[in-house]
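The next part holds the structures, each set out as C-alpha cells.
Okay, so chain A shows up in both of these, paired with chain B first and chain C after.
Let's turn to the complex of A and B:
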C-alpha cells in the first residue's frame, strides 16, 4: 500500500464525517428486512428498494461523497500542494486515490446490496448486485475524481449528473440511458442473475464497453488535468 | 526632574449623533443579501451557473407548457401541478443555495462578527431561512406567473382571466408550502457543516433516501401504513397536504395514480407543520451558541 493511498484512507476515515456514509446502506438493509419480515412479495418491494434506493441513490451518492472527497477535499483546503511537490509521477497520485475511492465505495454499497438481493431472491441475485455495484463504483469514482479536477464545485456538477441526467432525463427520455452508469449497472446485474426484478433498455454489450470506456477515459483525463494543475485560491 | 509638559489637544473627534439603524435594518440587510446570494447576484459568473441553470430549466418548461396550451388548447399541467413535477429541481436548488447561505459563514468564521452587531441569535438563522424560502418561492412562483400571463392573454374576456387568477392563487400558496418545507430542512442540514460540498451531498442524500421509504411503506399489507406512507418523505408529504386541500387542482387525470390518503388528510397537514416547526427549533438551537469555528 503506497503512502498516497495510506494518506487518502486516513483523510477519509480520520474524521467523524465518514459516519455520514453509514445511514444510507443501513436504510437499504433495514427496508429489505422490513419488507421481507412483513411478507411483501419481492416483485413489489424489489424494484423500489434494489433499484430505486440501492442503485439509483446509495451507489451514486456514496460514490460522489467519497470520489470528490479523496482529491477534491485536498484541493479545497490547499494541502494537495504537499502531494504535488513530491517527485511522484502524476499517475502514481491519481491511481492510488482512485483505487481507495472505488474500494471504499464498493465495500460500502456492495455489502448492503448483497443482503438486500439475498432477501429479495437468491444468493445469485445478491452476488450479481454486489459485483455490478462494485463495477459501477469504479466507473462512478473515476468520473467523480476527474470532475473534482475539472471544476472547483465538483459535488454540484456531480449532482447535476446524478439528479438531472440520470434521475430526471433518464426516466423521461430513454435514449439518455446509453450514457448513464446506473443503467449499465442494472444491465450487468440482470445479465449475471436474470430475474424480473431488474429491467433496462440498455444491452449488456453496450453496458460493458461503456463502463470500461468511461472508467479509462475519466482516469486519463484526471491524470492529464493533474499534470497541468494550477494552484489557485477560492475565487467566487 | 522637570514638570511634565504634555498636553491633550482637541483635534476635533466627534461622537456619532445621527440615527442608528439597529436590529431591523441588520435583519433586512441580511435577508436581502441572502436572497441575492441564493441566485448568485453580486458575485462572480461562476457562482451564477448552477442557480440560473435551474431557473432556466423551470422557465423553459413553463414557456413550453404555455405555448402548448395556447396553440393546441391542451392543458399539460395546472399551476399547482407545476411544483410537483419540478421536485428534483427544487431539491437541487436547495442543495445549491442552502450551503451558500450558511456553510460559507461557518467556514470563514465570520459569525462572531455578525453577532457583535445588534443582531439577536435568533435573527441570523431566521433571516437566512426567510431568504431561502423567498428564493424557492420565486423559483416556483415565477414560472407559474409566466403560465398565467400566457393564459390571460389568450383567454377571452375578463371572466377568463378571473378564472385563471383563481387557479393561480392556490398554486402560489402550494409553492409557498413547498418552499417552507424544503428551505427549513435544507438550511438545517447545511448549518451542521462548514464544507459546502458535504452540505450539498447531505441535503440531496436526505431528500432522496426518504423517497424509496414511501415506496416500501405504500406496499405493506396494512391499509393505515399505506395511507400514511407519504409522511415519510418531504415531497410526498407536501403533495399529501395539497391533495387533501385542493384535490381538483392537483389531480386532473382521472385514470392517473392518485395517492390514497384515506381519512388522514389532516394528519398530513399537522405533520407538515410539525416538521417545519421542528426544523426551525433545531435551527435556532444550533445558533444559540456559536463557536468561532
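Let's turn to the complex of A and C:
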C-alpha cells in the first residue's frame, strides 16, 4: 500500500463520518431479509429495494461520503497541504485516493447488494448487482473526488446530482438517464443477470462507454485541479 | 542545544527565492501589491501587522497560490504548478493542520516516504530529534499541545533537509522554552546556509531571530534590509502624546522650548505633542511641568500600536 493510500485509509476510518457508511447498507439487507421472510413476492419488493434503495440511494450516498472524504475532508481541515508539499506528481496522489474511495465504496455496497440480489432472485443476480455496483463505485468516486476539487461544498453538489439529477429528473425526463451513473449500473447488472426486477432505457453499450468516459474525464480533471490547488489565506 | 547542533548539517547547496513584481488580488481587493525581493541563505523575518498580506505572499512563495501578476521562482524555476520545488523547499503553514490520528513519528515518517527518501526511518528520527519531540513521538498527535503540534509540523517540513524553509507565524502557541528552542533551530539552519523565511507580527520575535527583515504593510513591501537599521527608523520616528494638565497653554509654551519636541497643538481636550525622541521627551516633561508649577493629569502615547509603527515606515 502506498503512503498516500495508507494515510487516506487511516484518515477515512479515523473520522466519525465513517460511521455514516453503516446504516444504509444495513437497512438494505434488513429490508431484503424482512421481505423474503414475510413471503412478499420478489416482483413487489425487488425493484423498490434493489433499485430504489440499493442503486439509487445506498450506492451514490456511500460513494459521496467516501469520495468527498478522501480528499475533500483533507482540503477542509488543511491536512492536504502535508501531501502536496512533496514532489509527488499529482496523479500519484489522486489515483491512490481514488482507488481507496472506489474500493471502500465497492466493498460497503457490493456485499449488501449481493445479499439482497440473492434473496430476491439468485446468486447470479446477487453477483451481477455486486459487480455492477463496483463499476458504479468507480465512476461515482471519480466524479465525487473531482467535485471535491471543484467546489468548497462537494457534498451539497454531489447531493444535487444524486437527488435532483438522478433521483428526480432521471424519473421524469428519460433523456437525462444518459448522464446517470445509476442507470449505467442498472444496465450493466441487467446485462449480467437479465431479470424483470431491473429496467432502464439506457443500453449496455452506452452504459459502458459513458462509465469509462466519466471515470477517465473526472480523474484527469481531478489531477489537473490538484496541480493548481490554491490555499486560501486566512489572514490574507 | 547539542541536539540542534549535531542534527543540523550544513546545506550541500544554497537556494535563492526570487519574487519579481508579485501582486495578488481577489476581485477588487489587493492582498499583495507589486512585491519584489530576493531571499538568499540566512534567516529573514517577514514582519507586518495582521492582514498585511504575509500569508498570501508565503503561499505564493510556496507554490500554493498563483500570482495575479509577476513571478515567484526558486533557483530560476517557477514555484506554481511545479511539485519538483518541494525537493528543496519546506513549508510550515499557519493553519494547525495535522493528521491527529497519527503519532508524530508516523507523521514525519510518512512525509519522508512521500519524499521518497533513501532511508526514511533515519530521516524521520533525525527530524523528530531536531525539534526535541523524541519523548512524545509515539503518542497520537491528537493528544499534543499546540506547541507540540507545531514542532511536529516543523519536523515534517525539515525531514527532507530542504534548502529553503518557509514558516508562517511559527511561534504561535509555543511556550517560552519552545520558542527559544525554535529560534535556536532557525538560527542554526540559517547559519548552515539554508534560506529561512518566517512571518510574524511581533517585532521582538523577528528581532531575536533574524538580522534581515522584510516589512509588509497593507500588501506592500514597506521596508527591507537590516533589522537594526529599520528598528532605529522605528525608534526615531515622531511619537505623539496626548496630555491634559492644570494649565495646558503654559505647558505648551514651555514644551516648545524643549529640543525633543517637534510640535505642540493646543486643543479643547488638552495638548497634542509630537516628540522626536521618546526617551528625552518623557524625561523632560516632569521637569518642565514642575518648573512651571503645572500638574499633569494625563499622558497618553497615541500611536504606539504596531500598525502605526508600520504605517510610519511606509511614509518614511
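We take it that the second predicted complex is superposed on the first by the 230 of 236 C-alpha atoms of A that agree within 3 Å, B and C clash if a C-alpha of one lies under 4 Å from a C-alpha of the other, contacts with A are read in each partner's own complex, and residues count from 1 in each chain.
Note that in this section contacts are C-beta pairs under 8 Å (C-beta built on N, C-alpha and C of every residue); 3 or more make two chains touch, one makes a residue touch a chain.
Only a predicted model underlies this, so the values are computations on that prediction, with no experimental measurement involved.
Tell me the contact category for A:168 with respect to chain B and chain C: first, second, both or neither.
A:168 sits against chain B, while chain C stays out of touch.
Which of the two partners, first being chain B and second being chain C, lies in contact with A:35: first, second, both, or neither?
So A:35 only meets chain B here.
Who does A:10 touch here: chain B (first), chain C (second), both, or neither?
second
With both complexes overlaid on chain A, does A:123 touch chain B (first), chain C (second), both or neither?
It touches nothing on chain B or chain C.
Between chain B (first) and chain C (second), which does A:68 come into contact with in this model arrangement: first, second, both, or neither?
In the superposition, A:68 touches chain B alone.
Please work out whether A:52 is in contact with chain B alone, chain C alone, both, or neither, and reply first, second, both or neither.
In the superposition, A:52 touches chain B alone.
Of the partners chain B and chain C, which touch A:213 in the superposed model: first, second, both, neither?
Neither partner.
In the superposed arrangement, does chain B or chain C reach more residues of chain A?
For chain A, the partner with the higher number of touched residues is B.
Which chain A residues contact chain B in one complex and chain C in the other?
Shared contact residues on chain A: 235-236.
Taking the touch rule as given, give the residues of chain C at its contact with chain A in the complex, in rising order.
Counting only chain C, the residues touching chain A are 31, 50-51, 53-56, 59, 62, 64-66, 81, 83-87, 89-91, 93-102, 107, 110-111, 113-116, 156-157.
Give the list of chain A residues in touch with chain C in this complex.
3-4, 6-7, 10-11, 14, 77-79, 81-90, 227-231, 233-236
Which positions of chain A touch chain B when the two form their complex?
Result: residues 17, 20, 23-24, 27, 31, 34-35, 38-40, 44-45, 48-49, 52-53, 57-58, 61, 64-65, 68-69, 72-73, 76, 152-156, 159-160, 162-164, 167-168, 235-236 of chain A touch chain B.
In their shared complex, at which residues does chain B touch chain A?
Contact set of chain B toward chain A: 43-44, 46-47, 50, 53, 57, 88-89, 91-92, 95-96, 193, 195-198, 200-202, 204-205, 208-209, 211-213, 215-216, 219-221.
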